[in-house]
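Order as written gives the chain letters A, B, C and D; numbering starts at 1 within each chain.
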Amino acid sequence: MCGIVGVYGHSEAANITYLGLHALQHRGQEAAGIVTSDGDKFHLSKREGLVGDAFSRGELEGLPGHLAIGHVRYSTAGDSSLRNAQPFAVEYAHGSLAVAHNGNLVNAAELRRRLEMDGSIFQSSTDSEVIVHLLARGREPDIETRIVNALRQVEGAYSLVFLAESKLIAARDPRGFRPLLLGRLKDAFVFASESVAFDLIEAEFIREVEPGEVVVVDAKGLRSFKPWTEESKRFCVFEHVYFARPDSFIDGRSVYRVRMQLGATLAKEHPVEADVVVPVPDSGTAAAIGFARASGIPYDQGLIRSHYVGRTFIEPQQSIRHFGVKLKLNAVRDVVSGKRVVIIDDSIVRGTTSRKIVKMIRNAGAKEVHVRISSPPTTHPCFYGIDTPTRSELIASSHTPDEIARYITCDSLGYLSRDGMMDAVASAGPPQSGKALPGASYCDACFTGHYPIEFKPGTISSLKRVVN
Amino acid sequence: MCGIVGVYGHSEAANITYLGLHALQHRGQEAAGIVTSDGDKFHLSKREGLVGDAFSRGELEGLPGHLAIGHVRYSTAGDSSLRNAQPFAVEYAHGSLAVAHNGNLVNAAELRRRLEMDGSIFQSSTDSEVIVHLLARGREPDIETRIVNALRQVEGAYSLVFLAESKLIAARDPRGFRPLLLGRLKDAFVFASESVAFDLIEAEFIREVEPGEVVVVDAKGLRSFKPWTEESKRFCVFEHVYFARPDSFIDGRSVYRVRMQLGATLAKEHPVEADVVVPVPDSGTAAAIGFARASGIPYDQGLIRSHYVGRTFIEPQQSIRHFGVKLKLNAVRDVVSGKRVVIIDDSIVRGTTSRKIVKMIRNAGAKEVHVRISSPPTTHPCFYGIDTPTRSELIASSHTPDEIARYITCDSLGYLSRDGMMDAVASAGPPQSGKALPGASYCDACFTGHYPIEFKPGTISSLKRVVN
Amino acid sequence: MCGIVGVYGHSEAANITYLGLHALQHRGQEAAGIVTSDGDKFHLSKREGLVGDAFSRGELEGLPGHLAIGHVRYSTAGDSSLRNAQPFAVEYAHGSLAVAHNGNLVNAAELRRRLEMDGSIFQSSTDSEVIVHLLARGREPDIETRIVNALRQVEGAYSLVFLAESKLIAARDPRGFRPLLLGRLKDAFVFASESVAFDLIEAEFIREVEPGEVVVVDAKGLRSFKPWTEESKRFCVFEHVYFARPDSFIDGRSVYRVRMQLGATLAKEHPVEADVVVPVPDSGTAAAIGFARASGIPYDQGLIRSHYVGRTFIEPQQSIRHFGVKLKLNAVRDVVSGKRVVIIDDSIVRGTTSRKIVKMIRNAGAKEVHVRISSPPTTHPCFYGIDTPTRSELIASSHTPDEIARYITCDSLGYLSRDGMMDAVASAGPPQSGKALPGASYCDACFTGHYPIEFKPGTISSLKRVVN
Amino acid sequence: MCGIVGVYGHSEAANITYLGLHALQHRGQEAAGIVTSDGDKFHLSKREGLVGDAFSRGELEGLPGHLAIGHVRYSTAGDSSLRNAQPFAVEYAHGSLAVAHNGNLVNAAELRRRLEMDGSIFQSSTDSEVIVHLLARGREPDIETRIVNALRQVEGAYSLVFLAESKLIAARDPRGFRPLLLGRLKDAFVFASESVAFDLIEAEFIREVEPGEVVVVDAKGLRSFKPWTEESKRFCVFEHVYFARPDSFIDGRSVYRVRMQLGATLAKEHPVEADVVVPVPDSGTAAAIGFARASGIPYDQGLIRSHYVGRTFIEPQQSIRHFGVKLKLNAVRDVVSGKRVVIIDDSIVRGTTSRKIVKMIRNAGAKEVHVRISSPPTTHPCFYGIDTPTRSELIASSHTPDEIARYITCDSLGYLSRDGMMDAVASAGPPQSGKALPGASYCDACFTGHYPIEFKPGTISSLKRVVN
């Protein structure tokens, strides 16, 4: 659950990367980092916090060079953030190297154990450091080969941008779990996790980096190769359901369009007599519009989201409690009072938030509250880069929809079916242009437990002994 | 353009005030302040920035007492903010006094000149300091009388909360330009600029403080009086159009409902053949829904607003420029591409932002772009507390709608008429309950130039000589 | 216990003031402030902390103008520092005014009460605000007269610099408790509390501002007058004993020379058989050298003072305690081990520090520890600007030297006599040049209780009700 | 030019380390770091700046455990400080490891190149990271053997403390360039660069860690071994001349006593007719006292050092320039005016500071200014851990004392001879107790160019390509 950006050949590579990261901010709010190369030397800045807070003008000016990679990192509790912030930059036998990673390796712990036995020392608990160690042990003269040989040893989900003194290399795992797009900004090549980054920097979208593809950009131009045997594609369907921005195109499809379609299918699968359709903003908005159109029930923005809820807000600790959801959302009494309300949300994780939202809508005078979820029950954790809680915390892993409905106190609850979801995604295409990712099929492990790659027991976190 | 909160009789008065200010954050982002009284001593904290940034847990814990008032201040360029941050707290012959003010006095400069001639010294350029000086010169033994006599001398817009050692006093000018509401939280009385503050702190709305009313809360309970001759009401219509939060009730009306009504009327006044209605989020959303329903054209969220645009974002200064609007908004290509799009916004100030939005929609592939504004042309500055630019900067003060349409490059432009606006507001009632403000009529000076109170030349700022 | 600086006629008035305050940093570490005038407008910056921390380059650049006054403030516990930081700047009928004050008024509380009865409001608990209110009530057209009439009403100790748009005025009370010097830097006139400020800015010392003198500098040049009836001089002897820097000339005498003389006289009054004379650095150093020369006992720097003890040091709170003195001082074992040691200090306040120093010297192996104090027992609090504790906390107010010696566990204790002190001061002159302050005699109230001006009961602090 | 601390077996190991580092602050002001072990996990905090600024109470409380090591780092210009701050902590095959290093390896660049060829990646440009890599490649089961085998490969100066989960290991290179002492605090063992750290934490000094010794402390207690063939000792004489604190014992000798002896010998080698001996505080103080006693010329503190010169002071950039020395030092006019003054300093590096001091003393009225230096001319850079400039910047490498005297504009200049220095050091013993370091002889390469270990060309800095 991170966002990455790469720039080759722009005199303001750091600024472009900074803006690109700003557009990808929803993919990670814990820390932000940029590494540039001036062709000879690297320049690095990493900070905790949002992109806008992390970089002052002075820091950006201290990042010269026409190559850059950047990273925004998602908050994972209890983990010293700055040490694990990316890009990860080092010196090794062949010079300097930096990497930014979106995804999760399933055999990182095993690889790390092996590397340590061979004398490697580790300073972070990131998968990226494992990749860099593998790469550093390669004796091949060209970095492309070293990267390919290093990645041959890893399994799991990775969309990566590597920076060398005068080369930018992008790579995506053979199943293509996480998105990675290629664009062009005048003479420069740019890479980013979502197309919204290109919108902001006014770059032209060229195509997705394909699953299993390695793209190299250097003084000779751009070239690409596919060093691995082809695997069936497994693009993350949850990017469409929740994670990506609605104004992004990923996987050749408009996220907004997919979500509307999810809502429309949901309306067919779980019809309800009601007076108003209300989204949980902002992730439920497009699905709610789709639901409203398909059902003919009017759409209204009956929940208002505050723009001012950030990381620094202090909840007073005494008698006033549990403001979490109320600080962020408030019901529009005039919209819901006396009405039969359908609430549209993308998913239910622990159920506590949904329960508070239902209560809030009732307190504002709703006669009935029906909850419709634009994806199937989330029953399994993700091992490929989305920070879902463990199975035991996922309410749907141990409770039926009826039980969940009772817990969140709604009058009825409907989840979109797995097939309904897949049909909706498919029908949101055909992709707008010929540039789409061919033959995309999806990873739905979080809804089904069908993991495309087995997870090797022993996470890096479980290995971690050092350095809090 | 500020927000105020007052609390009497709660053991966590500072925390309640803090949360109330958080809910009113949209009314002022420059500075936030809280003053509490423990019955004997005052405790004060004021900081620049958002409420969540301004107060740490330690600062809130340093604000004991069961009485409190708070203030959020709007950013006015070039003005040393902390010096002018409110509440304004002083010691005088009768003890301690603090005040928080929403509104603008029209004779502040004149009063200040007179006070200075009598030996007063000033430390800020706020109207509030003028009020406190007037009050301090009163020799009446009770503070209610001193307040009434002080306010008798001022003209203009004021919604005020005063704090004395063991008293809370709220006052609203006879025309009632700015809102002020009274609520109850268990045994405590609370005042706030908008009802959303009550929603968050779970207080019960009792009624609006009426224009011309002074409400005193102390150990003897709550009492109220109307010391001034009645004036015709002049509630600010722009609160409904743009300024207040859509989930607020003010003036006895749901802001969301009013805005929907404005949109519906706008659809009737300025119909258009189109494929999709797109709001400029978030202030245009309710009006767009109203427009869509009245016109039958589908509503879609074709502009996505970033949650991460704050005061600290640094725009790189070199070749990449003019990111202002793009950082905040992005078009959903799939929604607008190949379509005839109606953009709904609440107002046009200088025209530069609208021009960029039209361009953004066109770049995303729209065939036609029609702009509809849910209020009349903004032709005159506000002297009663909204921070509009001077007349010469208001594009509508010197240009016809046709000229404006040409400037912002839209295919057609329609403004809601003055009467349409007033009808829409009226029809959004009858107010939901018997508690509504009786006989409200509206100030529309920013659209008509009919100022209910004449402005006295010589602003305090123009007087200002000292202390940058 | 503050330091003040004033500059008239220098293109970098803020920078000069900043450097002058840096040289006076020992007179106040709590807060620092500068106000400049560009002839028309004032510019103000005040911050908590040391001068070097308080002002960034940007802040200094934001202080244009060729007139400036500045202030460093001593830390007084429990007092919100920034609110009380100086200079105090306001607007009033005649324009803008700022003031910086070193000293303490004895009738401030009474004056404040009277002003409040007349309608004044107060924002700080400083004496300076009282002076400004008095001044603002004056109706005389020229500021000099307003200042004189205001000061006519105050009693106590004051060395003041006032800033108006294009005038700088310095004033010193008729007894001259606190120092104030006049110097010249090319075409500019400068004022400062001690001559070390002139050394740093390379200004030439002209003369002291005389007790009872008001000096005005404006476009017409410098002029001076003495509006009050002459009083006998009462320069603070404790400035020489402890407070001023040893490299300063004040009162026409070298502080270093005075301290050496105090040490020499002390050696005569309280001789002792010993092997080494050790100062408590830095205030005891010159006296120890004087003692060593007079007694023939070798001088050694047997206590080393850390350069790194500042306000931010956190003392761990658990088992390791009472590091206060040890963090600041350490004994040189080789100097004191096996020796009979004479410790020279300037004064004993509560006795706790002296007790720890004696223990430290003994732990380092000293055979005997004799303490000699270069002033008489401190028995009374100062009401004229030195922040001594209340009488009950002054160990010498209730204990004999013998009892004190027992408490601090030294082998013998000797205080300089009152007459010895006065003779020493006198003999350290005749003042080096003809520029000295004529007829100086001294205030010794802290040693004798003979207060030159009676203190009016009711301090401003005791009046304080508001605003923590 | 760093300071290190290690603690084994104290419930407040972080607090003890923090205080120890505070006492060693003069050895490094750029950055400070502490790593603790709670027996299972490491906890780390590193910050730029002084110890007191670097650690808040919260940070110290976040460092639990009864083992700790700490480090203060000297500022080397142009080097990203936090990345190179120590201790350096990693995970490797055998668990967790941290190290703090005082000294400089002469073959670090060569080792690093070799390690990189074998696949190591580097994140800093410190020698410590080289040591950790060597150690991590060891396959021996016990850490003592891995440390010995790693150190067998390095050449140069090192005093080291290593931290493993439940072990503390100290090591000192066979020549013993940098000091390292062992002490006891109740049941805990402590290590520190100088004895002043023990004074502050009230630990008992046991003995120096001997050159070539490795000391291991764990649950089984303390044990020691000397795995290397013995080398002739080369303790750094410049620690005595300038670097260590005067209240420290290192190398079995009192630094204060050594400096007095240097001053006494200097008086004999370079006698002068003069009226007063003035030290450049604080490093010249003890030598000046020695000079004064040997010569019979009175000692006076004619230069006063400001306590408030820190890293944050901003020098105004315009007309007022070159305040460097004046901000720090000021002459006492009364001491030097009309006098023949002998200035005592420990060394002359570039000559610019000495030149300013001579000028300052003359401006204060001195008739003659004679400079005496308590060490020989500094002609060669140090490769063993003192941050001296390159040869070309050392004025004495290309100028005779006569030329230097002319440059700094003094009336006469005398340097202590090499033999005089060595005799003085020797005569400052015999060491106070039987605990002294046996057979110490000294490295004087900076005065003679006789380097005990040859420097291998190619520094790590020259290798550095990455990561600014």
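The rule we apply is simple: a residue touches a chain if its C-beta (ideal position, glycine included) is under 8 Å from a C-beta of that chain, and two chains touch if they have at least 3 such contacts.
This one's a predicted model, so the numbers in the text were calculated from it and none came from an experiment.
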item: For chain A and chain B, chains touching each; value: none
item: Between chain B and chain C, centroid-to-centroid distance (C-alpha), Å; value: 49
item: Rounded Å distance between chain C and chain D, as computed from the means of their C-alpha atoms; value: 37
item: Inter-centroid spacing, chain C versus chain A (mean Cα positions, whole Å); value: 61
item: In chain A, residues with contacts to at least two other chains; value: none
item: Pairs of chains, among all present, that meet the touch criterion; value: A-B, A-D, B-C, C-D
item: Complex contact set, residues of chain C against chain B; value: 35, 40-44, 62, 80, 89-93, 95-97, 113, 116-123, 132-133, 136-138, 165, 463-468
item: Sites on chain D touched by chain C in the complex; value: 11-12, 15-16, 18-19, 22-23, 25-26, 50-53, 55-57, 60, 196, 199-201, 245-247, 249, 254, 256-257, 282, 285-286, 289, 293, 298-301, 304, 306-310, 312-314, 316-320, 323, 326-327, 330-335, 432
